[in-house]
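Chain lettering (A, B, C, D, E, F, G and H) follows the sequence in which the chains are written, and residue indices restart at 1 in each chain.
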């Protein structure tokens, strides 16, 4: 529940547009609500200005649907990451307006009353075709958090001209998220070109001595370009949350 | 060389206060200058809005002094990290105004004309006494980059009341840098309390299965609190640069 | 075979209620019994006060059924962990009273004559929904070993208020088992709140740099909260055995 | 400050034996006290029934002395681990009654009014001569926490008869702490012989593929003997705290 | 081709029982023979006294059959390890006398003329039921190499009495192969009881921090019992070859 | 105390050459003897046919001298490995006949009555000059255990002709110990040339990605030459014990 | 687009054989071309003298076909590695002349106008049957890059005679690619025999402590034979590119 | 001994300029010569066209001097790497013409008759000041092996303009050696710019998660730029040998 939602609800009560009993029903699950398998944090939006997001991996379809239903009941919207096609199908049966992005693996029930995104932009750069799912997860989440997003795809360090041709895009970004697997060198190069914060996302793309993304992760942590911060392997979601917080400042 | 410095220099030439030949001398090392053992990037301040900083570890005293002399010649100031006492002594003989912080291991020749810091504040939180050197490095660098800094020391997760008593300080920060060794859990707790970006700095403090900071690093990368980004082990410098870029937005 | 069972058996013989030959049949497999693929330790209950438990993973359905049959023949009960649904089905065909917990993955044939559980309570806390299987394994095993169990679910460190609201439950526990994946920070926080022993169970929940639970394991081993001990990744069973031994003291 | 100390202090005030002003002085640093480099948690003894212990490694001699002085001022006693000889000498100049155990590397100012130890006993078993410092740290800390301690030294698994000859000692322990380096197999063997909780402490004793204690740590975490819990490499202190908590139950 | 086989062949030629042309056919592939995907070393038996053994894992069914056919053509026998059921079925269609051991995953076409095994015995000890496949591989290979084998199963270190009861068996072995997963402590205990060479085989049995057998491997390499040597994880074959060489001395 | 020593002692008593009281003095420490810091296993020679050897690393000079004195009192001899020059000097003051090998880092007080070595020979091959200390440790220990030893030094795999020129030496060895650092490939090559057991000793010689001997260790464990067994990094002692046991068979 | 292709195209335009508009169509995607999921680098052949190669792993069949169509449109040819059978089938439907090598997992549409290969030869040596896919990938790619290739298969270090018999082949190679899994010792041996550059390719062939090729990789990096360089595990492609560049010099 | 040296020697004998006995003295140590601690391979220059180089690390000063004396006796020259100042001083006392490069840590006694270097050039690029020792080792060795060398220092990826300004130098190199620590991204960028072979040398420069060069090593192995090969961490020597072999083709 965003702060504006709470204000509107109270204004509705004050204006007689909403019966107190109905308001109570909406509010009674604050601060959190217990399902048999999860405790939903309904007031995170109030506390931190960002909605509770469902990490679907490792949950059953039933658990995902159950949690999303409770979120929708209170906030009229929800966002889930690492969703399978099966989860998306089950949610769409229940919420026909569901947006399912199969590349990003996200499910989104948009809040119809949310203000248009004005903050940002966040620039999401990805190094290779196989990094797209992680980059798209970052982009979709940042947009859902109310931030404008621009994208630059397939600009690996072995073909610098591709990156150098995008100088304009680089220069007007408020934050840059760089998504790369293999040796994870792209953030170092980008970090030397821009003056804004750079968030590096290593991916598990690679084989052999990439060790599931470890090589890219270590490369980014040891970047010789100062000012780069790093999130977990394949964690496009986390990068987007951090980028949104930066834009909100 | 900061953009303002360049503007002033050109204004001085225009106004006849500076002979063109003298201006050329000041400018001739742009964009960079070669020493036998290093290539100094004098226009980084123009390009990225932040000064070139000398990482002293692994360099000889002579190399450090040589690089600092060239930086001072162009920008009237310099900042070095991971400096030894021997380096500080050698620099002070050459630059009597040098500021040497033995806890942070920094050497700073402040730019007398730099505007007062108004951005921020950056809040630097450290978990234990042994994490202080890294936390102080972050604080000193952020200040040198023109950002106000606040500090909260020795607030480990095993004594939550210490942290919860500092709610006010937490709430008005623009960015939080959290410095912790051992299990590195503090950023997760802080990340659940604030709505601003959190930069986590793992330290090599610990023993046994901390494996030189690996445990703290992995803990921070896997944080269940969204929006946390991570820098290299003991990299207070990098966290400060990222925080300064966030504040500049 | 528990010590009381042995006493009863001997009393029955003394009172003529049990023919010596029948008693011999019951006792003859002591101290252990050989199957072609396993050697069953029937006197562990006498020696250590705890029943032999079958670790089903890596065994065939036939081996699991065979071992359980031998245990039942001697002790009238058995407990198996890491059981598959197929194993449970095969055992239920043979033992209609079998209790199968699909979340905990345990199969239990309860000893009808076991005294009611009075020791404890053991408090089992889990950090996230995905940690439930390991937490439930711990809870089911502790109950089967004669200890009362309480549960607290989905109380991650990024939402401290959830944990702080449970102070009463925390304070009257005799032992706390904390089950957490990802960064594994929850035991540190709990360890700072309680005065009783804390057993930390890292889980393989997570992705990327969690490296199958390694991040959580290292975090727990390096906890800054003293008095925390750790078991293997996903080893809810081991935590329950240790907790039961503590309660028995 | 232990609960009894607080009661006595209040009784002294009630009886006129202590002026209210003096009591205030004793109590005013509760709940904690700030030094420039540390925040001392004076009410841990009230909250958790165990004193604050100073981990000396990574602190300067001055910091250690400073923290110990503040602890002594409030509780009349202190305990420090991983202390160097230099720290011990500095403390003894200040506190002539200091107990310095060079093998355990502990400094102890005993509380003259502490009740005699009646709980336990904790049995500390060490595998080899080189494991003694860690084993002694565990023993000294457990005693300082009010627990009786027994010791069994140099009983490696390659000479089982040494261990089997100590059956009596094993059987009457309330908890067993097993300290071993190299392959870390001793806890498995002990765990199969006793019915009480076993806390395993891997040490960094070994070379080559022991990787600083990693081999022993992994061995203990994977023990086939149920009920064993593990602490960090060389963490005799943590094992002792856990054992004391178990004995207090 | 064993040395005796060569002698017999030449004797047959000398005695006119074998036409020189037929002998040439038998010998012409010495020293090795090229298949499109493998080079078979037919004279290893002459050079090293042990037959060429086919490691089936990672080969196709066709490749395995092709190699075995060539071996049979020269030596009248073959041995394959890590064979799948499908490979066994394909080989049996071609060689009706094939011996397929599904636990050991071996295929064997025995040499009908091989002398009876008199060397040894090799004692194969396994710690748990799940270690049986590796232990059986060792046993089958050692027998195929002409060594007598004895077995002791399910004698983990947490139940020492099981091992101590087998003293007689331990004492008359010429070599002991100890197969164990999890913490891999069994070889240390056995190594302290016997005076003969002990070959330790770590297995991948375990979970979590066993890291696919790494814990057992490190444990065995760091054994405090002198005289233990170690082979690769799950390498029952290698242990058997080494044991056979020891017995042949 | 070797079995022969015991027989002689009893024969001396029977013949009146030794007073029963004196014999008792010699025998009274059997089976083991307690020092404050170690428990000496005097009957290992009886039980396993090999003397107790002192691992000096991690012990103080006083502890080493103390243990050696007790061993000498019972067996008239002792052997220590990983001894420093300081330890050797202290022991020589006490035992003028001490043999100190500074390359092998061994101290030996030879048993004057030991029978001449007839078993073996053990061939010790080392790959490079820097591997000599480990190779010499193996050689000295094997000789002290009553085995003849031959040596082949500096025969790396990158210069095969050096190894191939030594075919005679290779062929008449009873066991081969191969000592190599860096990539540890030498045992694979030797293992393909000989028919006897090969014991591989990885050393910590190397730099960078040798990771303290890990590369050599892994190489040896994965050797494509069957029949190779491996000991811990730098463990020349362990290889020698294993080789001696093989020769004794 | 190779330099010769560009010259021919311009010549055709000059000679009136090609309409300028058609030439424009051919050239308009230079320097690169955007697909929704990839950015194709058409001028790499001009810049680096080698064609763009499609790494098919992690891409969908549709993406692979889409990229290959664009490459063919510009250069009349393409090469893909790590292709599945399904990808090959889809490409063959579109390009009947496609060459599909199921062992090497490559798809190749050969450039009919390419000059015959005269450079080299590159000698590709593989240690075992299971290393063939990687070795074949190297061979196919090197041939596609215009280099002659020779092969030597199944020549492991445990059977040196196989390698020594191939001295002639070794001596006339311009570069040697050595492909080996397990302990990865073969490059060291080859490196000692030849005077030309040796490129080592570790493979993931092996089990247990091979850790997915890590053992072979570390072995090759630590080779005692100077002049060996290494590529990623299973990276036959990269070795071939490097070898081709060497031959082009 | 280079092939030309051998020819000259034989020509001198034929022409009567050298007595046969003196020639024998020069040749008698072929093919190799035994010192007590090393076996010197005098005919490597004949076999592989490159001199035997002494790796001084881990050897004593006496051993280094001894080996160099023997090399000089046969070839009139020698080259040593990883030499300490103490070794250099000892050698200079013996060979006044010794060249000692303290940055590269090399000792060189140049062969006065060696032909001038015409092959190459090898371009050695280093990323940072701290990488200079490894880069210089590569440069000195390549020159000693008869190859021309060019250098480009301090051109990290975070300042691309430094590298792009050196296009001319990049384009006329025959081989490029790229030396970089930290994230090791420089070879990827260089690999995308040049068409010649690139040899990447990771260095141990860095801290924290660089893990002694592991991060740079993994980054280089996973480079997205094809055609890059890698040597061991800090192995400037190996890169130079490989580069020399490439130039010799």
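Keep this in mind: a residue touches a chain if its C-beta (ideal position, glycine included) is under 8 Å from a C-beta of that chain, and two chains touch if they have at least 3 such contacts.
None of these values were measured; they are calculated from a predicted model.
*Asks:* Could the interface between the copies chain D and chain F be described as same, meaning over half of its residue numbers are common to both, or is it different?
*Replies:* different
*Asks:* Which chain's C-alpha centroid is most distant from that of chain B?
*Replies:* E
*Asks:* Centroid of chain D to centroid of chain G, CA atoms only: how many Å?
*Replies:* Distance between chain centres, rounded to whole Å: 61 Å.
*Asks:* Starting from the mean Cα coordinates of chain A and chain H, work out the distance between those two points in Å.
*Replies:* Those two chain centres are 50 Å apart.
*Asks:* Which residues does chain D have that touch at least 2 chains other than itself?
*Replies:* In chain D, residues 159, 208-210, 214, 217, 221-222, 226, 232-233 touch at least two other chains, as defined above.
*Asks:* Which two-chain combinations touch?
*Replies:* A-B, A-C, A-G, A-H, B-C, B-D, B-H, C-D, C-E, D-E, D-F, E-F, E-G, F-G, F-H, G-H
*Asks:* Please name which positions on chain D make contact with chain E in the complex.
*Replies:* That would be residues 127-128, 156-160, 182-185, 188-189, 191-193, 206, 208-211, 214-216, 218-226 of chain D.
*Asks:* Hey, which residues of chain E end up touching chain G in the complex?
*Replies:* On the chain E side, the touching residues are 31-32, 37-39, 41, 44, 57-59, 63, 202, 204, 212-214, 217, 232-235.
*Asks:* Taking the touch rule as given, give the residues of chain H at its contact with chain G in the complex, in rising order.
*Replies:* By the definition above, chain H touches chain G via 47-50, 53, 174-175, 192, 194-199, 217, 221-222, 226-233, 237-239, 241-242, 244-249.
*Asks:* Along chain A, where are the residues that touch chain G in the complex?
*Replies:* For this pair, the touching residues of chain A are 129-130, 132, 153-155, 159, 161-162, 205, 207-210.
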